[in-house]
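Chain nomenclature is as follows: A, B, C and D, assigned in order of appearance, with residue numbering initiated at 1 for each chain independently.
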Amino acid sequence: MQELLEKIIKDCQPYTEEGRLANYIPELAKANKNALGICVMSDEGRTFCVGDYAVGFTMQSVVKPLILLLALLDKGVEQVCSLVGVEATGKPFDAFNYSDQALTGAHINPMVNTGAIALCTLINGATYEEKFERLLSLAKRMTGNPNLSLDTSVYLSEKATGHKNRALAYMLKAYGMIHEEVEDVVDLYFRACSIKVDCKDLANIARILADQGVDRKTGERIIEAEYTRYINAIMTTSGMYDGSGEFAFNVGIPAKSGVGGGIMAVVPRRMGIGIYAPALDKKGNSVAGRKALELLSKQLGLSIF
Amino acid sequence: MQELLEKIIKDCQPYTEEGRLANYIPELAKANKNALGICVMSDEGRTFCVGDYAVGFTMQSVVKPLILLLALLDKGVEQVCSLVGVEATGKPFDAFNYSDQALTGAHINPMVNTGAIALCTLINGATYEEKFERLLSLAKRMTGNPNLSLDTSVYLSEKATGHKNRALAYMLKAYGMIHEEVEDVVDLYFRACSIKVDCKDLANIARILADQGVDRKTGERIIEAEYTRYINAIMTTSGMYDGSGEFAFNVGIPAKSGVGGGIMAVVPRRMGIGIYAPALDKKGNSVAGRKALELLSKQLGLSIF
Amino acid sequence: MQELLEKIIKDCQPYTEEGRLANYIPELAKANKNALGICVMSDEGRTFCVGDYAVGFTMQSVVKPLILLLALLDKGVEQVCSLVGVEATGKPFDAFNYSDQALTGAHINPMVNTGAIALCTLINGATYEEKFERLLSLAKRMTGNPNLSLDTSVYLSEKATGHKNRALAYMLKAYGMIHEEVEDVVDLYFRACSIKVDCKDLANIARILADQGVDRKTGERIIEAEYTRYINAIMTTSGMYDGSGEFAFNVGIPAKSGVGGGIMAVVPRRMGIGIYAPALDKKGNSVAGRKALELLSKQLGLSIF
Amino acid sequence: MQELLEKIIKDCQPYTEEGRLANYIPELAKANKNALGICVMSDEGRTFCVGDYAVGFTMQSVVKPLILLLALLDKGVEQVCSLVGVEATGKPFDAFNYSDQALTGAHINPMVNTGAIALCTLINGATYEEKFERLLSLAKRMTGNPNLSLDTSVYLSEKATGHKNRALAYMLKAYGMIHEEVEDVVDLYFRACSIKVDCKDLANIARILADQGVDRKTGERIIEAEYTRYINAIMTTSGMYDGSGEFAFNVGIPAKSGVGGGIMAVVPRRMGIGIYAPALDKKGNSVAGRKALELLSKQLGLSIF
């Protein structure tokens, strides 16, 4: 496995040149465009790491499955599904051209910004500070990393420039889908997106999602199996933005990407994978990361189809 | 298994009352709304049938995976993917409100009418008669049913009323995506939709897609494994129209429905399922069929996630 | 004329029952649904008033032509037209389902909320307080009413509930079309909408727009003729929201309506008309007001076509 | 006047270089790109012609007001308005991205292709041959030109390539808005578009529309005044495609353009204008023609606003 990963890193390195760093959050544009790291945690409990696997980066949209998960844990599937739907929207992740008819929960997906922002309001907590602490705490348990923390400069950069997310939140409020102060809600969302992780952290979350919620190392059940199926399903249909269909077609693994350059990929019952390569394609997915997963899937027959 | 299926039929029977028969093709409105049949073919080669499994019905959109498959076999994945994309469109199956920007192959999915009609032109054959014979022949091989034939009255009914499909085809022609005579192309499409099958036929196709292209009874490879992964992936992301996300979430099995009331469901490496229940929900999926698959998936742990 | 107006009031009274009071700004729902008033100022300098012409109401969208006018006076036609376009959008006045391609100035009309909000940033003034004072001052000159003031309770009601306008403003900011603090910009817009007028005030503005910018009573030129043509043209193509086409067809007079129930109508070279009737049709236009203008136009041959 | 027109021709000649000939109808691409002709018929019955005023060209969309007029004459305003609406669509003339909600008559405008095609079915006539003869006959009366005829090569070129119009017509049929054979309906539309005229012909139609339906030379009433107001109103709001708002803003005259390069402009109560200059802007309007009308309007104060 280690050898295979080394070869994949080498083969995929040229693809880091093809994409572009996210520039709409100024701080993200400072990343090393050529970075590429992979971490694989297999079901036998072994961990393989190559390349820039130890470089830290912010979760960005990779946190969306955790927001959905915590909303499910806190409020149950019924309440979550009455607020947001699970259909692919056929639109980019930050689209706001929803027609009035589409602005019902049924058309708002937890894997696009509007849906994730709406779900932030379902997280339990007396204050937004507490809501964030609970989300961070879930992230710590899922990554197995008790030192997880906020990247303050990215957080402040997002807070200063995230007007499109404010527009989406006000739209939700105008339609009665959220009721809180918009600035509180988007602040939680900006903080969630700015949690700093590395490839091992993502691989560990993915490993638990692959093992139906159980941490095989300890035997502890962290979340119920039912919820991992929900998360893996929605990552398959919508996790790679409007490139999800092609990713299912070519790679065939539930995965979630973020504009920070991370991809978290779940091979049900077999392994968890964390990837970092910050140069993105036009849809916001890591170019080299996507390629690495394609090679890995083909070499090891990981497709769920 | 037989007992389980009997119980599921009983539990799902009431759901046949909830939907409505497709009425935009007049002939389809003549079906028995309360019909419900299931056929399961397991990987050990056993077949289980319950309810109205022997009733014949037309494939309608269930033929779309076969059109895609034949186009892939005839022209290869590159040419197919240069004509159509594989992203969920976020729209109903017969939508034509494509903006000019969206009218590139990348936004046209083989599981919605526009994409399937476009793919009809990629099927080999000197004449449209021959193209249809080749498609029917593939269907015969996949169903294992040499007697498969056209339901002429449904075909004529579709031909007489299918103006929306003609509109879609002229739109494709206006944008240079197809070049043939529109009436020839839609005639092939109408005939393909009117192939008459029963639950066993669908289960047999699904079984071969589940077994990566090999007919386990004979050991014969019918199609390459790679193509079955493509088909299963796109059925997962787009097979149940704009209800695909919810179906992945709740059921977790690659499947394709048709407005004739059929659903073909593929459990990779485990089984093929054919269902018939013609009362449809608003998105065009069989209500009782969807419910039966949900129960079956939960009882037997069939979710791929 | 007085008699004719009395008859029209009588004939149109029943139409006040057909519409509904605007309810999305809570304060507006408190109006008297059956109110109906008309004021006509003819080119010979005579004024005719009937019905509830003296009832005060807030301008709401009727202020949009004044915002456009002040932006034109302050920055000139070139700068205004580089920020906003003048095409009908084919959408309701508060639509936000702009596609990315449409979010260029060319698709944002000064008579819909997005365009009017954008134009607020072009009004001269060191502070937003000063910008508002300058707008109010223009309104005073155009109405000839030095006592014009804000309806504070409507203003506060809009400020408390106007989240859709905040969403639109953040969208403009996200696309780099405005750069100011969103809350400042929408506050100016809410105040502008809350200027309290009566039928005579509107008729007086309309009279000056009809007389190509000259106040015939005093002979004073208040604005340049060129600008009145711009305002009258855009009111004709977009002044009655997505009912502008039908209004041109049936009535044929440049006019602007507001959800407060007012309509300001300009008969070039002939007269200015102010109407108040707060029950609205589905598009946000005063039902009885629209009907009264239709009758008036037909009786007096006022159509510009 | 003659001198003024000569000067305008000279000033506008350079603009013929800026546009492009329509190329989607192959035959239209053969026109002389630099041609520019103007004909003005004033209310005192005088005619002024300059430049390429005698060059023949096909009406294309300039025929749409005549189709609307004949439908109004044949079926009355109520039946026409129950099939099509009069709002600007905010879309290009050949758009088909109507959402299902928008596919009601209220959103289909007689000045865009969909609406004009729908109106073709309202023209009286036992056969489509007869319908066309009646339309041609109206055109002869309005132009005062008994020799008006079809440009057969343009007609055949449109018939061979007009697949987008076929798509629109099948869409109308799928939604039950038309019931005839699509090929018959679009054939009538293609023929209507291919009627060959020159600047004098257009000016004569415009003159009658300007004089409220009366031919001042003969004193004969050709159509009722009410209908000329309808036509002039809808040309103002939608006659220059999605450039109508800007045209009203800058020129202020009811007008209809066609991709053949013609513009027919109506100055109510004052004059009729016909222009020919086949190089088009991106919206399908004659570049030099638009400029010439702007200069003429400003020089002579023709704006209706």
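Of note:
Here is the rule we go by: a contact is a pair of C-beta atoms (placed from the backbone, for glycine too) under 8 Å apart; a residue touches a chain by one contact, two chains touch by 3 or more.
Note that this is a predicted model, so its numbers are computed, not measured.
Of all residue numbers used at the contact between chain A and chain C, over half are used by both chains, marking a mostly same-residue interface. Chain centres here are means of the Cα atoms, and by that rule the chain farthest away from chain C is B. With centres set at the average Cα position, the gap from chain A to chain D is 54 Å. Separating the centre of chain B from that of chain D, both taken as means of CA atoms, is a distance of 47 Å. Shared interface positions of chain D, defined as residues touching 2 or more other chains, are 99. Across the complex, chain B meets chain A through its residues 85-91, 107, 109, 228-230, 232-234, 236-238, 242-246, 248-249, 252, 254, 268, 303-305.
By the touch rule above, chain D contacts chain B in their complex via residues 96-100, 163-164, 166-171, 173-174, 182.
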